Each structure stands twice: as C-alpha cells, then as structure tokens.
Amino acid sequence: MLSDTQSKICEAVETDFSGLKACIVNASLKPSSEPSHTDTLLDVVAEIFERRTVAVDRIRLSGHYLAPGVYPDMTEHGWEADEWPDICDRVIGADILVLGTPIWLGEKSSLAQAFIEKLYAHSGETNDKGQYLFYGKVGGCVVTGNEDGIKHVGMGVLYSMQHVGYTIPPQADCGWIGEAGPGPSYGDETDDGGRVGFDNVFTQRNTTFMAFNLLHMAKMLKDAGGLPAEGNVRTEWDDGSKPGWPNPEHRLDG
Amino acid sequence: MLSDTQSKICEAVETDFSGLKACIVNASLKPSSEPSHTDTLLDVVAEIFERRTVAVDRIRLSGHYLAPGVYPDMTEHGWEADEWPDICDRVIGADILVLGTPIWLGEKSSLAQAFIEKLYAHSGETNDKGQYLFYGKVGGCVVTGNEDGIKHVGMGVLYSMQHVGYTIPPQADCGWIGEAGPGPSYGDETDDGGRVGFDNVFTQRNTTFMAFNLLHMAKMLKDAGGLPAEGNVRTEWDDGSKPGWPNPEHRLDG
Amino acid sequence: MLSDTQSKICEAVETDFSGLKACIVNASLKPSSEPSHTDTLLDVVAEIFERRTVAVDRIRLSGHYLAPGVYPDMTEHGWEADEWPDICDRVIGADILVLGTPIWLGEKSSLAQAFIEKLYAHSGETNDKGQYLFYGKVGGCVVTGNEDGIKHVGMGVLYSMQHVGYTIPPQADCGWIGEAGPGPSYGDETDDGGRVGFDNVFTQRNTTFMAFNLLHMAKMLKDAGGLPAEGNVRTEWDDGSKPGWPNPEHRLDG
Amino acid sequence: MLSDTQSKICEAVETDFSGLKACIVNASLKPSSEPSHTDTLLDVVAEIFERRTVAVDRIRLSGHYLAPGVYPDMTEHGWEADEWPDICDRVIGADILVLGTPIWLGEKSSLAQAFIEKLYAHSGETNDKGQYLFYGKVGGCVVTGNEDGIKHVGMGVLYSMQHVGYTIPPQADCGWIGEAGPGPSYGDETDDGGRVGFDNVFTQRNTTFMAFNLLHMAKMLKDAGGLPAEGNVRTEWDDGSKPGWPNPEHRLDG
C-alpha cells in the first residue's frame, strides 16, 4: 500500500515508537460494510504506524450509533441508546488520534461533527495531574473528497482537538481532492489500472509527514510524562461557580 | 412572546403574505421531549410568520432518525431505516426554510450538518423549468449558544442553502450568545424574573429583520413564478458525462 | 472568451437587463499591472453581463491603497491616506457586486478581507427608506486557486454580503481549483494549446448560473423598488443607545 | 496587569524557561499610535512570559506596510515598497509566535490575513535538517471583539500555523467577546471603575493556559533540538517537478 518512497522513508527511521497506541477514526457516511475512500488514505497512515510497531485501533463511526448530545453517556440524558460509551475508552486510551472524514458540500461529515461533540463531552474531565483529559495526546486529520475543502475541514477538526487538549504537531492535516467538479475519489481505479491519488506527491508527502510528526510528538510527550502541570491546571481556577453549565469544558466534575 | 416593538412592527405591515408556507427546522441535540433554547428564539420567527398568516410547519430533527448519507432515501443504500423520506416533502414543499441550530465548540450541531447533507441529497433534482429543485425558495438561519459562533455557523448554513438553490435575502442570520465563557442560554430565566436575551435589541432586531426579509423575498419570488429559466437550466449543460457521481449536484437524474 | 454553450445561452435570453449596473472587484494580490488568474474567470462574468447590455465597472483592488479600518474614510481616523473614498461610490452605486478572490492557504486574500471591512464600514448607513444601504442589491463570489478552498472562501464572502444587506441569489458562488497539490491556475496555457479550466463544465456552468441569477435577482429587486420597507427598518429599533460603538452596523448615524 | 490568581500561578512555576524567545504580533486595524483592545489581552500573555524570564518582542502590524503577495520580499515582484523583510527575522527567529487579532464581521482582520500570507511566503524554505522552516516552533492565538467569533478566527489562525510547521500546544486559543450585539470591548473601563473582561474567569484562565502551554511545548522542542528529521524531510520528495509554482509550500528553493 505504501509507495516506494514511503517504504524507504519508513525503513530509514531509527526512532523506536513501540509502546505508542494510535486510534484512527473514519467518519465516512457509508455503511461500515461498504468500502470508504477515506479509509483508503487512512490505510497509508495505519501502515506507516504499524511498520514502526505502533498499535493501531481503527473505528468506523457509521458502524456505531452515537446518540446526539454532549454528555459522555446520552442514555442518562433522555436517549434510549448510545454506543459512544462502548468506544470512548479506545479513543481516550490512545496516544494518537487521527480523524478521517469525507467532504460534503465543503464541510466535514455529520458523523465527524458528532464525533467532535463526543470529544467535547469529555472536555471537562481531568487527568491525575488536574489537566484536561486529552493533554499529552496528539491529533491529526485526514480528509478526502472529489471536489473541495481539505483545508476548511482541517481547520475545524484540528481546532476542536487542540481546544480540548490535544497537541497538534506540524503539518497534521493531509488529504486528496480532485479538480473542481465531479470526478473520481481517492483510490478509485483509473482506466490505465492505476488508482486515483496514489501518485499525487503532495497528498502522499503530507500524509507521510503527518504520520511521522504525530509519532515524534506523541513519543516526546509520552517520554516526558505529558506536559508539566504548571500553569495549566483547571482546579486552580475553580471558583465555586455554578456547576452544571451545559458546555462540557466548564463542568466541574472534579 | 413578541416584544412590544415586534408586535407594533407586525401590526404595521400591510403586505399580504397569506399563501406562503414556512418550514422551521430545529437541529438541537436535545431529545425532542425536552425544551430547547434554540426553539425559544425560533418561536419569535414562527410567531411573526403566523401573525402575518403564513403557514408554519416545525420540525425537531432529534425526533427523527436521519440515516447517514447523501441520497434521498438511505434504505436504498445500505441502511435499515431512514426517516428523512417521511419529512423531506415538508421541507421541499415550503417556500421558506429556517434552520435553527445550537453552537457546540463553535460549530453547528451534527444534526444541522446531517440536515444539510439531506438538502444536498436533493441538489441534483430539478423543477419543471429544469432549474435545481430549491430555486424560488428562500432560506435563513437562527443560531443560539452561550458562548461564541453565530456568524461562523451562519456562514456554513447560508452557504449550503444558496449553493443548492435557495435565495438568501438581506440579513438572513440572527442569534444570541452571551459573553465569552459559560453562562445562561437564550430564554433561561434570570434572577429578576426576566428571560435571557429577550431584551437584547440586537438579537430581537436581527430576528425580526430576518423574518420579514424572508417573507418579502419569498412573496416576490412566488409572485414571479420563481426565477426566470434563462441561463440557469441544468439540462443545457448535460453532456453525456458519466452519471452516478457521488456528489448529488452532479447526478443526472433527468 | 465565452464557450459555445455560454454564447448560445446568452443569445437565447429574452429578458431585458439594460439599465442594470455591475461592479466586479478583483482581490488578487498581484500588482494591477500583472495578469491575474482570477481576472480570467471574472472576464466570463463580465462578458455575460455585457452581452446582456449590463454596464460593467471593474476594480482591481491591488491598484488602490485601502487604509486599515472600518470607517468609510480612514484619513479621519489616524491614517495619512486612504483610497477607499475614491472607489466606494462605484461599489455602492452598482446593483450587482461580484467579488473575485484567489485562495491562499485555504482563505480569501487579505485584500478581499480588507474589501469586506470596507463594506462593513458602511453597514450602519441607511437608504431613503430607512433600510441598510445595501438592501436591494445582489452579490456573488468568484474564487480561483490551484489547490483548495472555493467553498470555504465563498462562505465568508457571501455571508458578509448578506449580513450587510445584499441579497444572494441561488448558486452565487463559482470558481476553479485543480487537484490537490501544486499545479497550473485558471487560464494557464496547457501543452496542447488549451487553457486550464476553460473546458471544465462544472466551473463554466456555475459561473454562468451565477451570472444570470445575479441578473434576474437584480432586475426583480430593481423593478420592485427594492424590498418593501416593512419589518426591516433600522430606525424602528433605535433606542437612544450609546452611539459610536466601533461596530459599523451599530452606529447610529441617521 | 495579572490577576492575583495569575500572579500566584506564575510564582509557583519552577520550570526554567529562560533562553526562549517569543514574538507577539498584533493585527489590530487601529493605527499603531492608538491603544488596541487586542493589545490589552496580549499584555497578559507578554507579562506571563516576562515573569518567567522569556524574551518578548512585540510587533504592531499596522505600523508596517506589508505589500500584498506571498513572496518574502514583494519589491522583487512588482511592488515599490514592502516592510515585511524588515520584520520577518523577528518572527522567524522566535521560538514562540502569538498572533493577536480583532474580529470584524466574524473574521480575523485583513492585517492578520496579510500576516498569514507572509508566513506562507516562507513555507517552502527549510531548516538545516531539511524540514520546513517553522518546525520546532510553537504558535498560539489571541482574539478580541465585542461580538462573536473567537473560535472561528482561532480555527483559521491555528490551522495556518500548523500547516506551515508550527506545533500547536493544547488550548492555544483564547480571547474575549461580549454578549451578542454592540458593547464595550476588552479592557474598556466600566462604570464601577473595573475593566471589561478582566474578571472573566474563562478568558483569563484560557489565556494563562495558552501562555504556559506555549512555554512548555517550546521548551520541550528546543531542548530536543526540534522534531527529529525522520519522515518529515522535504528533499526526500523532491522529484524534479517544475519549480516556481505560485504556492510557496511547493517552491523548490533548496
């Protein structure tokens, strides 16, 4: 699946990333039984990770029902079912989070938006140093479409991640789109037997850079035990203000 | 529910808007059994419409299951259930569409995003003049939150609407947010017995302007029989290109 | 400059648009002495307008110095020079405004942003009916780049226009971008003697639709004398509140 | 200028950040001779940095003329003057970059956009490890307005920074806005002698978190000599492709 350049780059890396865990989430709107173009580009990220002995856990969101709402378990807030509690530990337990999403009408998918709402649901929780839960983890974004919007979608996804506590390493966004208008999507077979986007240097380079920068930053943070708990501890600002605000980041659960 | 200023303005209007139909959609994440802050501001729009004898149909999205995907009926594309076909005629049949959404982490809700995906699902269909289906209709946007993001959310919502064919009249966005940080939401009761945002001149004025501009533009378009079918007819560009592109706007169904 | 399809469409139009005035603004970062890819696509819009006997005024922003700031004449607010007063009447006097901009890093150009700040500078002014100044006019957006971002840029531009009072007709955004990564820009010559994007049906169709929808809506509004002044008049909300807020739309100049 | 809580937090920090250099850029549209609300919040960041013995360099963009365009020196590309070359070394030489901007119509200022275009101008340059120039540096964003848009502005600013190579630490955005509608701006004096936003726990906490997370991450990266040059080196992808693409990130200058 990796190109020769990517394989060569992977082989030349000397840093030992073993012990790191990555969670790769696909917000494709397609049923989980169907192939996803976004998955095809996420495969590149996954393979780079695995070649460097990083554990990869992949989640296809369309295979799970996430009840609407910004609480960790929406069955406690009026919904009959919610599968987020079944998968949230896989996201929270990983050192690296990659969210892949298609583009529709220039926006991330509604499933990607729902996933971000779920990250936000946990944004008031703290780790054992009193920092927000996602401190010490790193995030990146993979976007595919056939038209337009990698950067716009990246803006929203990466913003959300850093806002809840993820670190965003350099060049943590990548993706593929075609020329304006309809056309094939990433990985579709071409008439000459190739596959769309596989030889796009820009896409493959950015995907590789993202993958390795996520690894380097995750390792750096893990080796350091996360960010020092100085100047960034929530409890130093808890002021007896009204608990129970609807915004998760302001909930005082501690 | 209307303020004295709003009531006086409503009474002074002489234009006859009867015959117009409005669909007001609420993308709150709360279960449909629970009150919604967004609904409280949508109530103002609905009441202005009804006082001017416009038929109002309200849809609470969280009470319906919209299967992921950009086809009009996702049960034909791998999903077991999809309630969009049950409600799409109410949206398509209205002259005016107002989408109300809360803000979470600076973005429209995932249900608002899913709704836009459903509008997009129909974006390749044409009316009897050969124009896209939503030509001749008008759209507006209501946004509430307690923090930040009315304009950003408005950008995405109104863009989507005009892209699929809605006309956006002047000042078609309105909303309420509070000061940066946690706090009450629109319509929450205050200690002195008032209700948050009800006396915010900016919010109430923009909501009123939006409501009347939607009415004026919808009537102007309806009286004219929509936009003339000159220079904006899809079939003049159909060129035998591959049908079945995944982007709805490029499907050739005609 | 127009394709055969576009020429044929233009010739078939029967509506008389004479008397309408259009202002086409190019926010390219290139010096005004250099050719601009964005201009090349704006040429299509201009030619459609002119074939339908609409007066076209074109402004290249990089040829004028717009002093930073959101007042109509920044020489009254601390800047030594400001050429906006020299050109603002050309914008305000037109029935149709088209803003063309390149994409850099997924965003509209800084000159496009400065232009929007200037529109906003006038957003508190009212017409003789007491409505905001831009009521009764229509706006559209043309975007070119070689990478990514038509829709994102369109969101911001069209949002700004409608917020200050422009009406946005259906499908008022268009543009051209290439496949992800570096490459030629709109209008660049290709090896086979063609020009990039000229045969892109999606781009040419959307540009044509935008041009005609702007014409239809501008004519409809002009024939009606603008929107009726009912429910959308600023003075009905003037409440003795503090004048001189920095936001132009809240200034009480009347 | 710091609150008691902030002072206490500063004093409790034990990490030695001396040797780090921060560049704080203000994209206010006001002439540099006038006070800026954005500066008032940037003062908090600057004071935290200085108390921890970090060198702070402040740049007020409105005091410099940045010629339009995405080359490091626009006098080589058709413009008569360009002050960017006078200040770019101050930005590039710093370990930490903070961009402060006001919000106008929900967007970052045109000067902020112009500044991002200048960062982008250098995005094809590489450091002595062959990585993009901004690798190893960290970025954050401060936003003030009186209405709406901290998060939207933050999305664009932080996206741009990471895309050209900055690392974004957790919670690298902060700001202040008031309730929807006109009103005072950050730092304005209130009737009771206070100053607007100074006692907003959300604003002050996020500003503090941002400041310290920038310090921690900058130190971590500096101590490590930046990110390892593995998997993220541009030259491994140089492929003899056409130099001179207009997008800076694709220029092959090496």
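First chain written, first letter: the chains are A, B, C and D, and each begins at residue 1.
As a working rule, a residue touches a chain if its C-beta (ideal position, glycine included) is under 8 Å from a C-beta of that chain, and two chains touch if they have at least 3 such contacts.
The shown structure was predicted, so the numbers you read here are calculated from the model rather than taken from an experiment.
**Q** If you take the chains that touch chain B and keep only those that also touch chain C, what is left?
**A** Common contact partners of chain B and chain C, which must touch each of the two, are A, D.
**Q** Which of the two pairs, A-C or A-D, is linked by more C-beta contacts?
**A** It is A-D, judged by the count of C-beta pairs in contact.
**Q** Distance from the CA centroid of chain A to that of chain B, rounded to the nearest Å?
**A** Measuring from centre to centre gives 30 Å for this pair.
**Q** What is the distance in Å between the mean C-alpha positions of chain A and chain C?
**A** Centre separation, chain A to chain C: 36 Å.
**Q** Between chain A and chain D, what is the separation of their C-alpha centroids in Å?
**A** A distance of 24 Å separates the two centres.
**Q** By residue number and range, which residues of chain B touch two or more other chains?
**A** Residues 105-106, 147, 151, 154-156, 159, 163, 181-182, 201-202, 241, 250 of chain B touch two or more partner chains.
**Q** Provide the residue numbers of chain A that touch chain D in the complex, in ascending order.
**A** 5, 8-10, 12-15, 48, 131-132, 134-135, 151, 154-156, 158-159, 162-163, 165-173, 201-202, 204-205, 208-209, 211-213, 215-217, 220-221, 224, 227-228, 230-232, 234, 236-237, 239, 241, 250
**Q** Please give the residue numbers of chain B that touch chain A in the complex, ascending.
**A** 29-31, 33-34, 62, 68-70, 77-79, 104-111, 113-114, 116-117, 120, 146-147, 156, 159-160, 163-164, 181-183, 185, 241-242, 245-247, 250
**Q** Which bits of chain C are touching chain A when the two form their complex?
**A** 105-106, 148-152, 154-155, 175-182, 197, 200-203
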